[in-house]
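Below is the structure I would like to discuss, written out as structure tokens.
Chain nomenclature is as follows: A, B, C and D, assigned in order of appearance, with residue numbering initiated at 1 for each chain independently.
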Amino acid sequence: MIAFLDLLSIAAIAAGTFFFFAGTVGLLRFPDSLSRLHALTKVDNLGLGLIVLGLLPRAESALSALKLVVIWALVLLSGASTAQLIGRALRRGRK
Amino acid sequence: MTPSVIAGLLGAALVGLGLYGLILHPHPLRKLLAFNLIGSGVFLVFGIVARRGAAAGLRFDPVPQAMIITGIVVAFAASAVAVALILRLSAVGRRVTLDPEVPTRPDGGDAK
Amino acid sequence: MTELWTTTPGGYLIVLAILLPLAGIILSFTLGGRSAERVALGSTPFGLALACAIALHVGRAGKPIVYVIGALEPPLGIALRADGISAIMLITTAVIVTAAALYARAKFATPDGIRESRSSLIFWIMLQSIWAALIIIFVSGDLFNLYVALELLTFAAVPLVCIDGRPETLVAALRYLLFALFGSICYLLGVALLYGAHGTLDIPLLAQRVQSTPVVWTAAALMTGGLLAKTALFPLHLWLPPAHANAPAAASAVLSSLVVKGSFFLTLRLWFYVLPGLSADQAAMVIGCLGSAAIIAGSVMALRQARLKLLIAYSTVAQIGYLFLVFPLATGAQSWSAMSWSACFMQILAHAFAKAAMFFSAGLLAEALGHDQIARLGGAARVLPLTFLTIALSGLSLMGLPPSGGFSAKWLMLQASIISGQWFWTLPILAGGLLAAGYVYRILAPALSDDRISLKSSPKRSQEVLALGLAMIAIALGFMPQTFSDILEIGRPIAAALP
Amino acid sequence: MSLLPYLDICLALLVVAVAFWTIAARDLFASVVGYVAYGLLLAFVWIRLYAPDVALTEAAVGGGVTGVLLITAGKRLGGLRNVGQGERPGFGLSLVAGVLAAAVAGALCAVILMLPDPPPSLAPEAVAAIHGAGAGLGNPITAVLMSYRSFDTMLEKMVLILAVVGVWSVGADNAWGGAPAPFRVSKPDAPMVFLAQMLAPVGVLIGIHIFWVGADEPGGAFQGGALLAAMWMVTMMAGVAQPPRVDARWLRVALVAGPAVFLVIGLAGGVVAGSFFAYPPALAKPIILFIEAFMVLSIAAALPMLVAGSPGERPDR
């Protein structure tokens, strides 16, 4: 069981890291701001989510596990909102 | 190379970089940024002093750490006052510079 | 030696002296409007009384009075100590702040019909803040606590410079702020290194522990450099003239006579109380040379100014230079070091009172004439006799003519430099006196001419009398009895080493 | 764990690179953005130095609040079009400055490597004191800040008040009494409003939590207060809350609450506990938490006011 959880942790964190990496590459390589935004927000949310998922089995207590989830939720909330704001600003700039 | 030595050297490098910027940049806001770099370098030096003082089951000496927190707050307050001055200068139509000789722009309003 | 870290009788007075202006700031800010002025003015007699009480205790006990905050002893806690030099500085500060508060009532009263005006609120809060910060600087026994006090002083002084909001005052304030912040951060870096080397920031504890190591030397250099920038020692004086010349008269007086002395006082604390064991002859020589250069350069610049307030501000740059001669002259336990020590403090006091009187008079002149161009002062002495009497008297002290505090100070300095065999310091001292005579003459000569001049408004008699009173004190300092030097020696580490 | 030293070095190089960018960037705004990233990176360095309290402060202040302050300033200066970078200094001056900076940094490096071994430390005293007469707190840093160096902490809060007064003082005379306006928005942005409404309640809870656990764990009045301050700023930027007038009595009371309570309790200590700023041993912890609660309030009020600037300025669109 413990071995299985460890394996899950490793897999999830590795996947999360991959998404972070991919997102950063996208940020650096994509041609325009909107697609960069796309790479950043979508992939970072997913990447962070996977890392949080991987860390959950290693949490010391239920409270710390809860804190991890809350962190992810907060990042989701602020990431989504700022992406909206940046997107609007970009559209306004284009007009 | 322990983390504390690396951080200490980093602090020294930041002080140097900040000093360079402080002397060279003519714009006050850039000077302020450079000053903040010096500040954080100094706090890092203080930080390795705290880290080196690990003893009695603590991984740090709490006294310098408490001082750093006080220092960061004071440095921020200083930045805020400087920014307020810079913004006010530009609002009264003055070119934002530290040169006392530069005249007020003719179209700029006076403070009074 | 443990008595340095236990609360002594009368120690509580120090805490009260600090908390009084702090409470004043809080009250002024919360109540706002006219109450700010009332709180500030109402607290000055108490502050004056506390300063005198502290001096009385120190003088009577013949040793520093100590208060250990929260009964938590250094090195973990903070101890406050008032020794001889703190006592003298506390009284000086209290007198000048009180005078400035009374003088400023005319300009910074909240106008009728307004609940609160910007400049009045700022002035009364900042005046009390300067007072609080200076008291802490004079009595704190902990180098980090002193850092916070230094910053408090900066934050209080900068808004006073640009209180009238003209663009050039904003530039002056910004420059001052950047210089002051740079000075503080250098000081803080030195503090960090000292803590890293010796694990304490309490002044007497450090004095016992410091050794002549590269770390200590670097720390000392950084702290000194930072403090010199704040004290506006040549060539770091660039910020001072515009800042002091553009502030309103009451603020200029406080800035020029007291605020620069705060950081100078810390330099003295550093070298004579924290590091008396370091033999620093070369460093002292360098500082002495910078001081000499300041005397000459500041006086020459003062001679060339067209505006009265700028002239007075450059004169401050010059007069500060004299103070730094204390470093080559008073280090070590020599027969002349006590003499130089008294000379230095006599110069601090004489300059403080004379300069405050000068700035007050300059403010009165500017208000009465509508300008402060020296070239257009023709005949002004005949319509404003009292003001020009004040300028003449304080000028006497700045030049160092007898009888005056300035004369005593420079005379003692001359004697000390000859006895110590460092005769070369006599040159800048004498040259500075001549140049000072030159710039004072530049103010007085046109004013005493027969030209006719019209006044925009006649100055308030009470303000003139205040300025004259300060100038009289500067003169009276020349008759200071020997007890003055004795008080200055109380708690001075090197004095204990004398046979 | 042999990988960590390399990560440390990489982190240090990254910080230096970003710092270099803020100095070297041609554009004012770019260097401001660089500085914000730099502040966040520094928080990681603090974690590596086992200084979580400092890391929290640095992230909140160095990265967060300073970031808002500088970006607002950079934007407004850029919008005004009279930024005037000034003439680039000549080669000679650059060379002198470079040599000077390198010399200072080199000397500092040397001195840091020369710090004495074993290092002096007050940690044993502090640990003994936590359980002794001082405080009864689990977090030694909070004990130092609130008990052993309470005087410094009180003065620091006074500095914050003076800074607020200083920021307000540069406003125009006729604007006195108005509200600082850079946060005022002409047309609320829907996503911003959504963010403020969702984030602020949670943020306030977390801020209070950080303050509360600060007695025993990393955290404390300043870090908690900074978070509350951030939440107030978000709601103001979204237009959900309006910035207060500078002469509002409640604002002034909130600003001075921390130092005022500190001062009164410090004075009372002289009567009750035998020494100014001493706490009766049995009540030390509740009293400290009581003072800290007001400090949180003061910080939460002071930081947004510092960022908001002087009263009466028009926002730039």
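A few comments on the model shown:
The rule is short, and it goes like this: contacts are C-beta pairs under 8 Å (C-beta built on N, C-alpha and C of every residue); 3 or more make two chains touch, one makes a residue touch a chain.
On a predicted model such as this, the values are computed, not experimentally measured, just so you know.
Note on interfaces C-D and B-D: more C-beta pairs are in contact across B-D. Centres computed as Cα averages put chain A at a distance of 32 Å from chain B. If you average the Cα atoms of chain B and of chain D, the two centres end up 12 Å apart. Distance between chain B and chain C, defined via averaged C-alpha coordinates, is recorded as 26 Å.
Residue positions of chain A touching 2 or more other chains: none.
In chain B, the residues that touch at least two other chains are 15, 45, 48-49, 52-53, 63, 67, 70, 74, 77-78, 81, 85-86, 88, 93, 97, 99, 111-112. Residue positions 108, 115, 119-122, 126, 144, 148-149, 152, 156, 159, 162-163, 166, 170-173 of chain D each touch two or more of the other chains. Taken as a graph of touching chains, this assembly fits none of the simple shapes: it is neither a line, a ring, a star nor a complete graph.
Applying the touch criterion to all chain pairs gives A-D, B-C, B-D, C-D. Chain B meets chain D in the complex at residues 1-21, 23-27, 29-30, 33-34, 36-37, 40, 43-45, 47-63, 65-70, 72-74, 76-81, 83-88, 90-91, 93, 95-97, 99, 105, 111-112.
Residues 70, 74, 77-78, 81-82, 84-85, 88 of chain A are the ones touching chain D in the complex. Contacts from chain D toward chain C in the complex involve residues 107-108, 110-111, 114-116, 119-122, 125-126, 129, 133-134, 144, 147-152, 154-156, 158-159, 161-163, 165-166, 168-173, 176-177, 247, 249, 252-253, 255-256, 259-260, 263, 266-267, 269-270, 273-279.
Those residues of chain B lying in contact with chain C across their complex are 15, 22, 28, 31-32, 35, 38-39, 42, 45-46, 48-49, 52-53, 63-64, 67, 70-71, 74-75, 77-78, 81-82, 85-86, 88-89, 92-94, 97-100, 104, 110-112. Residues of chain C touching chain B in their complex: 76, 144, 147-148, 151, 154-155, 158-159, 162, 164-168, 170-175, 177-178, 181-182, 185, 188-189, 192-193, 195-196, 199, 242.
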